[in-house]
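Here the chain labels run A, B, C and D in written order, and each chain numbers its own residues starting at 1.
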Amino acid sequence: MNSAQSQSLNVLLQEIEGIQLTHQNQRRLRADISADALPALLALLRGRAGYVHLSAISCVDWIEDDQFELVYHLWSYETSILISAHIRVARDPGIYLSVFDIYTPAAFFERDIHEMFGLYFEGSPDMSKFILTEWDGPPPMRKDFDSEQWVMDNFTWQDYHPDWLKQIEQQGGGVVKSADSSRKSS
Amino acid sequence: MRPENYQAVNHPPSHEYELNFGPNHPGIEGNYALKVKLQGDIVIEARADGGYLHRGFEKLMENRLWIQNIALVPRICVPDPVPMEVCYSLAVEDLDDIKVPERAQWLRVLQLELSRIAAHLFTFGGHAATTGMYTPMYWGVTDRDLILDLFEELTGGRVYSIYNLPGGVRQDMPEGFLQRVTQTMDYIDGRLKDYDNLFFTNQIFIRRSKGVGVINQQQALEWGVTGPNLRACGLAFDVRRDDSYLIYDQLDFDIPTEDAGDAWARTLVRRMELVESIRIVRQVVQALPDIKGPVRTPIPNPLAWRVKAGDSYTRVESSKGELAYYIVSNGEEKPYRVHIRGPSSMHAVQVLEKLSVGCRLEDVAQTMFSLDACPPEVDR
Amino acid sequence: MKSTDLDRIEVNPKTMPKRTNPLANVFDDLVRFCRSRSMFMLHYCTGCGAIELPPAMTSRFDMERLGIQPMVTPRQADILLITGYVSIKTLKRVILTYEQMGSPKYVIGICSCTVNGGMYWQSYATAKKLDEYMPVDLYIAGCMPRPEAVIEGLQQLMDKIKNDQANSWKQYYENYDYYLGNQQKLFGNNWQTPTDVIGEAEIYRLMGPQTLGEHTKILQQVQKPMEPLEMKL
Amino acid sequence: MANSILLTILEVILMPLVAFIVGLFMVLMMRKLAAKLQRRVGPPLFQPLYDIVKLYGKQTQISHGLIHDIGIIMAVGGYVAAEALLPVPGMDGIAAKGGLVTLAYLMMVPSLGLALGVGQCANPNGSIGISRALTAMLAYDIPFIIVIFGVAYHFGSTNLVSIIATQQAEGIAGWGISEMPILAIAGLFALHASLGKQPFEIYIAPAEIATGPMVEMGGKFLGGLFVMQTFQLYTASVLYVSLFLGGGENWVTFLIKCFAVLAIPVLIAYLFPRYRTEDLIRLVWKWPVMLALLGVAFVMN
């Protein structure tokens, strides 16, 4: 990218209210905005800055703040700068707007976030389950779902204790059993 | 989407029926399912059904140390695991500001490109097999094995190498390795002529695959198509060049494109990329002896390693398309959140569903294989 | 599925009719030999291990020289290769597939994940021990096993078949209650498959003391009899 | 008189057995040639036999009903009956009484039997497969019948025994292939299409319809299909040899001719993908039919 493009991009982005821009490096631009302003930002980027490619939508569960962070990674084939737009959505009702009408690929990512985090997107074409169709527990990617506990409750382990191992154990050797605390997920 | 020689027939709706492709079906790549509704021979509705390969990687990675995750990441894409390791390492290096020695970067590129060659050989073998031609599959998989032998020599593992760590690569290459790389490249270069005669100039194959699953450039950008599938629509975009990582900006390679955007063009683009990858490997082989230095920047005690807080979105070009990791660290021993953007997650779900509609029953499998969709990436 | 009155079935295994043909043992040996030399495998690509099967099948290692061929549908196959971790969603399909295969059938668990969960032991999505849900003849451990190891494992299975040791498929009928119980624990009590395993065990005289039990009672309660296929013109 | 009837009965029993054994080696040759093209070793010598014995030795047989059973019997039985009409060196069976027309009818019976059997499986893949198989039969039967008509016209007989005798009387110059080269080429096309190998393999098509008619077949049903395949290869190649290559003077030349004829389609098959259904019909109704008609025209003037 050249600096003129970068300048014009910066000018363009200032049109959005309350936007905070951070240049992480030459090709990465971080934009923190409020959740309400995001559709406007995306429409602006797609319409006027050539950001036609939605690379991904990531969701982060900030359980201590009781918020979901949604990150929209956008790429322009012209300016070659990747913009990551960060927004925060309250965890409790867990509802946000779909950007499917701006970016078609959003449908898959929103569907994925819905089944993994339970965050509902209004206006998304398909909110049915895709991966976890036969799963009836809580959304597993939430921080309050303890995967390991679920495994311990539902499965048993193969007890492999052959004679040669018993012999070694009699001589004082053997498999070092790790303490359960180290297995526990934090 | 329809072959040129197709003429529409209006069947009464009672001729509609449903057919399941997968999860255990030779016309499906891996463990994946596509439910199609057909009218006669024409697909009128298609619905992808995934999750058969779901392991909850993103959850697992939150529960393991930064260094433990290196063993986990290559499993995400089985046919092409190396970009997964490199991308994860790049992301962690970006977070923790680790500088990678130059020699390690070249070694990574060497391994990445060898992996790309292996993946492409595997893919067009698979594409040929869906049209009933098994000989290219037998040849392709066998030639791929020679590259796996190189991996084994370099890293100790045939498929999953676990060779890239944050900070560099695990060890330097063995004595005489570059010579054997050159030999293998020469062999594969020579074999390409056989493949052309058997496969890429095969008139029946061209007739089968031309006009199947057409994506035009507009649709490709709209649907988020990446990688070779995007280049088959005429857009010369490659993360290696346009969002350059490692030392790709020092290398001389072309980005092959095709305009047709159909199954044939996609396979042809892969064929041309094979040549480019061989070219890159040869350049690396030439340059590597002159680049001295360590292959790894030491990292702190890995069992108590706390990566600096922050987030990083890192992309690499895998053989399937744009692969990205979004990693969030809150300064703990384990990642706070890892999001994997598998290149196939677009191709195997939305694009495949759209392309299948209007497609013949004969061409459903071909469409999927020509998109080079990799189900474990979708399911994670 | 025909509805069987489970209470009427004798639990003791019926003895096979006495064999009067003097050549019966010779025939048995011949059939066993042919079974060991001609194995049609159904490789269910449940996981990573599937990637090492194409090399084992194709030109470099060439399984066909041992008489091992890939087959497409469960009806045609003898061996079910479970190539790697089985997610719970897949496990249901694997059990359906297994029950549809014709006996004698053999199951090979490839990769460490089928033994004990492997590196996905923490994962909420994968089943851990394959042999809780179906009898396994042979495990090929490794992450993932090399093609040589896969072929070595298949050769061991050939030896087992030749020596009449690979009879795990009978266990599925004889201990159906145990396997069904584990399946119900994971999938819920409404779990049922279209194959009438108890009926088959009855017909082929494979009823064991463990075939029927508390879990099959639950199955009997929830089971909806399968309706005959409607033939529409 | 009683002796000759007994001899005929013995021949009728022996001929299918011979056909089965030769057919097993034909299957082996097919798989070996494929292996060589694919740069590998291929199956051992008795592999086709092992497969069949194993399939019949399966302990559970999953039948879908009476028609399913009868269909397979029809499929194998049609070919078994056809073998008795195909003269081999030293054995004429009932070939002199049957003739080409009966043979052509009998060769259609297996496909129809298969269609009945697969129909009862009620598997959509199987139904699509069998409809494709019948479509393919419709396609290749037209050039096949024209070729048979041309040959019969040329030799003035539909009796295979006399056709072979006429050819053998005049040496190589009298063989059908040197007298009717165009018909011979058309016949080779029809032979290849009738074997259902690539590029005409539309009804097996694992990647599309999961082996089509075979999809619900296991155990003895699949074994029946394997037996059928041995007969199919044998019948197609022996018929071609009888019509165009002068039949067999003795067993050595006869077998060499049969295997050589079969090697041509097999070698082609493993280098090509399959056609789409309508492409197949277009191709088969265009070139082989045109060639066959041209050949008939040459024969008739």
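Please note the rule applied: a contact is a pair of C-beta atoms (placed from the backbone, for glycine too) under 8 Å apart; a residue touches a chain by one contact, two chains touch by 3 or more.
Fair warning: this is a prediction, and the values are worked out from it, not measured in the lab.
Participant: Which pair wins on C-beta contacts, A-C or B-C?
Facilitator: Between A-C and B-C, the larger count of C-beta pairs in contact belongs to B-C.
Participant: Hey, how far is the Cα centre of chain A from the one of chain C, in Å?
Facilitator: Whole-Å distance between the two chain centres: 39.
Participant: Give, as an integer number of Å, the spacing between the C-alpha centres of chain C and chain B.
Facilitator: About 33 Å, centre to centre.
Participant: Just the number, please: Cα centre separation of chain C and chain D in whole Å.
Facilitator: It comes to 36 Å between the two C-alpha centres.
Participant: When the centre of a chain is set as the mean of its C-alpha atoms, what distance in Å lies between chain B and chain D?
Facilitator: Each chain's C-alpha centroid was found; their separation is 44 Å.
Participant: Enumerate the residues of chain A that touch no fewer than two other chains.
Facilitator: In chain A, 133-134, 140, 145, 147-148, 185 touch at least two other chains.
Participant: Quick one: which residues in chain B touch 2 or more of the other chains?
Facilitator: As it turns out, chain B has residues touching two or more other chains at 25-26, 51, 54, 56, 59-60, 63, 138-139, 142, 379.
Participant: Multi-chain contacts in chain D: which residues touch at least two other chains?
Facilitator: 38-40, 206, 210
Participant: Which of the chains are touching one another, listed as pairs?
Facilitator: All chain pairs meeting the touch criterion are A-B, A-C, B-C, B-D, C-D.
Participant: With touch defined as at the start, can you tell me which chain C residues reach chain B in the complex?
Facilitator: My answer: residues 42, 44-48, 50-52, 54-55, 57-60, 72, 85, 87, 89-90, 93, 97, 119-120, 122-126, 143-144, 146.
Participant: State the interface residues of chain A toward chain C in the complex, per the touch definition above.
Facilitator: Counting only chain A, the residues touching chain C are 133-135, 137, 140, 145, 147-148, 150-151, 154-158, 160, 185.
Participant: Under the stated contact criterion, what part of chain D meets chain C in this complex?
Facilitator: 31, 35, 38-44, 46-47, 49-51, 53-54, 57-62, 122, 206, 210-211, 214-219, 222
Participant: Quick check on the complex: what are the chain B residues that touch chain C?
Facilitator: 23-26, 30-31, 51-56, 59-60, 63, 71-72, 75, 78-79, 122, 125, 137-139, 141-142, 144-145, 148, 158-160, 376, 379
Participant: For the complex, give me every residue of chain C touching chain A.
Facilitator: It comes out as residues 88-89, 92, 115-117, 121-125, 127-129, 132, 185-186.
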